[in-house]
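In what comes next, chain A is part of two complexes: it sits with chain B in the first one and with chain C in the second one.
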Partner chain A sequence: MNDRVPDGAVSTRRRVTALAMTGANYLVLTVAALLYVAPILFMIVASFKPDERVLPEAGSWQALLPSRVTTENYADVFERVRFGRYLLNSILVTGSIVAGGLVVNSLAGYALARLAWRGRRAVFRFVLALMILPLQAIAVPLFYETTVLGWRDTYVVQIVPFLANAFAIYLFYAFFLGMPRELEEAARIDGAGVGRTLVEIILPHAKPAFAAAAITTFLMYWGLYLWPLMVTTHEDVRPLPLAVATFRTLPPLKWGDIMAFAVMMVAPVLVVFLVFQRWFVRGVAASGMKG
Partner chain B sequence: MATVQLRSVDKVFPDGTRAVRGLSLDVPDGEFVVLVGPSGCGKSTILRMLAGLEEVSRGEILIDGRSVNHLPPQKRNTAMVFQNYALYPHKTVRQNLGFPLRMMKVPRDERNERIAQVAEMLGLTPWLDRRPKQLSGGQRQRVAMGRAMVRDPAVFLLDEPLSNLDAKLRVQVRAEIAALQRRMRTTTVYVTHDQVEAMTLGDRVAVLRDGQLQQVGTGRELYRRPANVFVAGFIGSPGMNVFGARLHRGEGETFRLEFGDDRLAVHAHVLARCGRVEDLLDEPLLAGLRPEAFSPAAKGSGPNRVRVRVASSEALGHENIIYFDSPVRMHGQETTAAGAGREEDSAGRMAARLPAAGAPPAAADELTLAVDTGKLVLFDRQGVALRSGK
Partner chain C sequence: MARRLNDNTPIAWLLVLPAVVGLVAFVAVPFLLAFFLSLTNLRLGSPLPLEYVGPRQYVRILTDPSFQRALVNNAVFALVVVPVQTSLALALAILLNRGLRGMVVFRTLFFMPVVFPMALVAVVWELLYAPGSTGTLNSFLDTITLGAWEPKAFLHDPYWALPAIMVLSIWQGLGFQMVILLAGLQSIPDQLYEAASIDGAGRLSQFRHVTLPQLRNPLAFVVVLTGILAFRVFDQVQILTQGGPNDATTTVMYEAVTAAFSRQQVARAAAMTVVFFLIVLTITLAQRMLVREEREVA
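Coming up: the complex of A and B.
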């Protein structure tokens, strides 16, 4: 008896199986994407709805569709709180952490990856160990230290403790380690000192690492809540995460306003990510790190 | 322009590896010296020490008579071309060429003039505003050369600059480098593992092995009068056939060398090059014959004719390289740059370079070859060449 199946039948069966697999993949991915996107979509849609329609429609599919578009929630936010001030505080604090951090962490990463100095390995291990230390673990001693320094209720107390960042140092370290050493050597032979080599040759080459470090640091600190809560009491220096928490408890409870506040808080994150995304991907790939 | 002198230079890396041992070498002003040797022989380390990228563990390096051991790279007035060119990827060709001049604080007008001059010389003018990644391999190589030339340094250091080019381009650029150096007469130290490059480019060639200088001389000297069996095997492709031998007195002015069942007659004048004949007789020696010492001969016995069995052959078009089972014990040659595997494979085999007449012989064919013993080189059992006066 001949059990052979005709070639055509085999290839058709294979094609159907492959198609079914692809279909299943897409289905799973679509469901996952919806699960992730739905809350964000809900937030954006609700921020443009009249406040009285936000809660009643929250349980139905209409929650994800704008019924009557209005910007009154956004106007409300600006009327009810000093949103501009909080935004400015957040930009100032996070911007300073990012800018200062890029300088400090890139130099530290370079020194660890490229310069030969006594104790380099020990310092590198220490930096690695710091990566797993959460803020909560050091918050109290840090609070004590900054209070002794008289830094409470200032921008400084929100910026300085976060300038040096173990993760960013490691990211730069990994990037610089992977850079061809000959570039630096060529620059030195061409007459450039260490500083000039860093500024003219290394740093321009390290744009992707800077972008990756800028984005990760920005994301890390834009939403920081615990530390500002501990060290600030005055709204003149408080950032957005504290403001949104306070705003939620401010009567009357208006979900449309809260959603508008949230949208305005998240928007800068999206802008930063979109601007730096191209380099970010390259930077993370080049540094050999996974997100 | 400058002289370069290395005085008993040692390099020991922190992990204890001794990369260079007691190296002494003088490079006169304007000379083109090629450092050649198999991978790991220390040639690149020597170049890096000259450039100031590696510290000297012991000994002294002098450039133009001045000790540079403690000078940083930027103060040595050397220019280096790296194996991977090390062009600054974010700078244009013009900026790459201008960088060393900017570091020297050369005024802008003069800088532009010198960039234009070098670009013209190297045929880079149309590409001045391109970035390295927009150039071909050959163009990149020329930019790297240009960046080295533009400063008019005292010494050029070139670290295997042709190894990333394809075979055809390599020949072309090799000729260009030779012509440039002849025109500029800048003292040049060039590192390669390719003996053809070494022989064709260098005024003198320094052969290195395990961080030690084996011999320095013109390509012709190295080929004809190798200082030891390493140089004999390394220079030439295939290398010299070196085998265990014993000399016996023959008739009149000739001496006998046993070659399996055959005997080779060696004239006294050949031996005179190697020292006192009496000291050589009946002593265990090593003898070396270049593959071209063999030539096809008519069948039958005759003076200096040997019968061999072909093991394999390589047809190169204009000539055939024949490998045959050696009738005598071959000296273990850890000498070629091709790697240990091939050395073991060729153990017990000899190579002959024969003119290509018809199809190359097949494996197991028997051939009769004539041996020109006038080209015989003798070494002592330690592998050191025997020379008269030694």
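Coming up: the complex of A and C.
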């Protein structure tokens, strides 16, 4: 009987400690999340305010609470610049890099992981070596090369150099390497060739790899700023990140308009992200696992 | 079996051909071109004939005060942002990994800025950094310090400009690291913690002896990635400060792009690119050694 009392006391104390820990956990996360989301909220609220009140209210609580909601900033953006065109450019360029890259890099990843052939080792080492080269390390000579090719101010110069991607090839390689061999062997015994095995057996099982590659490539190129800044001068082919920076310097300076531009620029991606967020998180985590 | 697989050589080459052609033409060739161009006097639109000038471009950039400042700025950026961002990301990942309700909501909120292009982040933060006492950040700091804060013109102040660039960069990149570390935490087997707690290890000692060693590879990956990103900084600097005031925020990439575009000095820019590459290579090799060492121990 006697030793039961301290036992109960300990467990009560433990429960209280655990409860306090949980509370502290939520408190810290909530404060951090509020600080973290404030700039986004600020951007959205400012975009719906009359332009002349954005700056004066930026330092008060009203920065996060709209006093009078208006959509005139949004109308203003469409009047002042060709937002639709920039959006189209961004979707076209990034979409082509992602779609084309999935084809090119998955085929290469498959051949490296699953087929025995002469030259496999050399190609694999080549891909591994190029993985450490960020765009920045080759941007200047690549600019020179594409200028010589006469590609400036085109979609081609924004798409073609980025289709083959050493990192994506590795991602596919690692995925295909982990797939059970029996799948293809059964198909081979049935007399299917490499092409049919690939289309009918391998691809349907590789959805997670395609999703991870699509998302990491998308994140890599959707926000690209340096490269389009170097190779485009004409706004017909300029993508959104470049356009938002240019819009900011376009007189007259109207912060309400700039924030409306920013919201429209990020809203479609944010919606896609919220819908597929599990895949985004998995894709990023997969890219970290190789480290 | 082996002979039958060897018959795959033609089809395998067909499958890798587009990737290999692309990588050769747009990664390997420009990479070699950078070394080659850096040893010449190439300047776009210059009437001088192209000639080999040896290491002259390297001597010039390494003695150029702006480029030296750029190297220092990138190093400072790396030395501050890598530990700060990594520990914040780790702290958030640990808080999110306690299996409490609603964690997906928090994870989503912290990850959101990752889908924001850096150019957009720069433009939004420029407004937050507005100078004067009515600026958002200035008045926020004034409130939490109970009026002790002197308003700053963050982006125009030689002392505050680089920290201001760092803060918005951390804000944008933190979620990415957090997700990678969270995945790492979730792959640590529960038995390790149970064993440690049976051995009488407290929370702190569990963190030191179980969490950190188990997280070594994701941590190494995150540190190296952030370290390399710190030397790639360009977008936010070009948009917000143009390297100023007085080179306070200039970076290696900003110097390279300015040399190539404002002054058409392609050879000089190529030399800067090569220096940048050597830094990236050093960081990567350091990581490989670190990770290999761990594998040998394990």
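Rule of thumb we're sticking to: the second predicted complex is superposed on the first by the 262 of 291 C-alpha atoms of A that agree within 3 Å, B and C clash if a C-alpha of one lies under 4 Å from a C-alpha of the other, contacts with A are read in each partner's own complex, and residues count from 1 in each chain.
What we mean here is this: a contact is a pair of C-beta atoms (placed from the backbone, for glycine too) under 8 Å apart; a residue touches a chain by one contact, two chains touch by 3 or more.
What you are looking at is a predicted structure, and each value in this text was computed from that prediction instead of being measured.
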Just checking: does A:L112 make contact with chain B only, chain C only, both, or neither of them? Give me first, second, both or neither. second
Quick one: chain B or chain C, who's touching more of chain A? C
Contact-wise, after the overlay, does A:P161 reach chain B, chain C, both or neither (first, second, both, neither)? second
Touched partner set for A:V231, first chain B, second chain C, both or neither: neither
Which of chain B and chain C A:A186 touches, first, second, both or neither: first
Touch test for A:F280: chain B only (first), chain C only (second), both, or neither? second
A:V93 in the overlay: touching chain B, chain C, both, or neither? Say first, second, both or neither. neither
Should A:R196 be classified as contacting the first partner (chain B), the second (chain C), both, or neither? first
Who does A:L171 touch here: chain B (first), chain C (second), both, or neither? neither
In the complex, the residues of chain A that touch chain B are 180, 182-183, 185-193, 196, 200-201, 204-205
Chain C partner, complex, touching residues on chain A are 22, 25-26, 28-29, 32-33, 36-37, 39-40, 42-43, 46, 54-56, 58-60, 63, 103-105, 107-108, 110-112, 115-120, 123, 126-127, 130, 132-134, 136-145, 160-164, 166, 169, 194-195, 219, 222-226, 229-230, 240-242, 244-245, 248, 255, 258-259, 262, 265-266, 269-270, 273-274, 277, 280-281, 284-285, 287-291
Residue ranges of chain C touching chain A (in the complex, touch as defined): 2, 5-6, 8-9, 11-13, 15-16, 18-23, 25-31, 33-34, 37, 92, 95-96, 98, 100, 106-120, 122-128, 130, 133-136, 138-140, 171, 176, 179-180, 182-184, 217-218, 220-222, 224, 228, 232, 234-235, 238-239, 253, 256-257, 260-261, 266, 269-270, 272-273, 276-277, 280-281, 284, 287, 291
Touching residues on chain B, where the partner in the complex is chain A: 51-53, 72-74, 76, 78-80, 82-84, 86-90, 99-100, 103-104, 147, 151
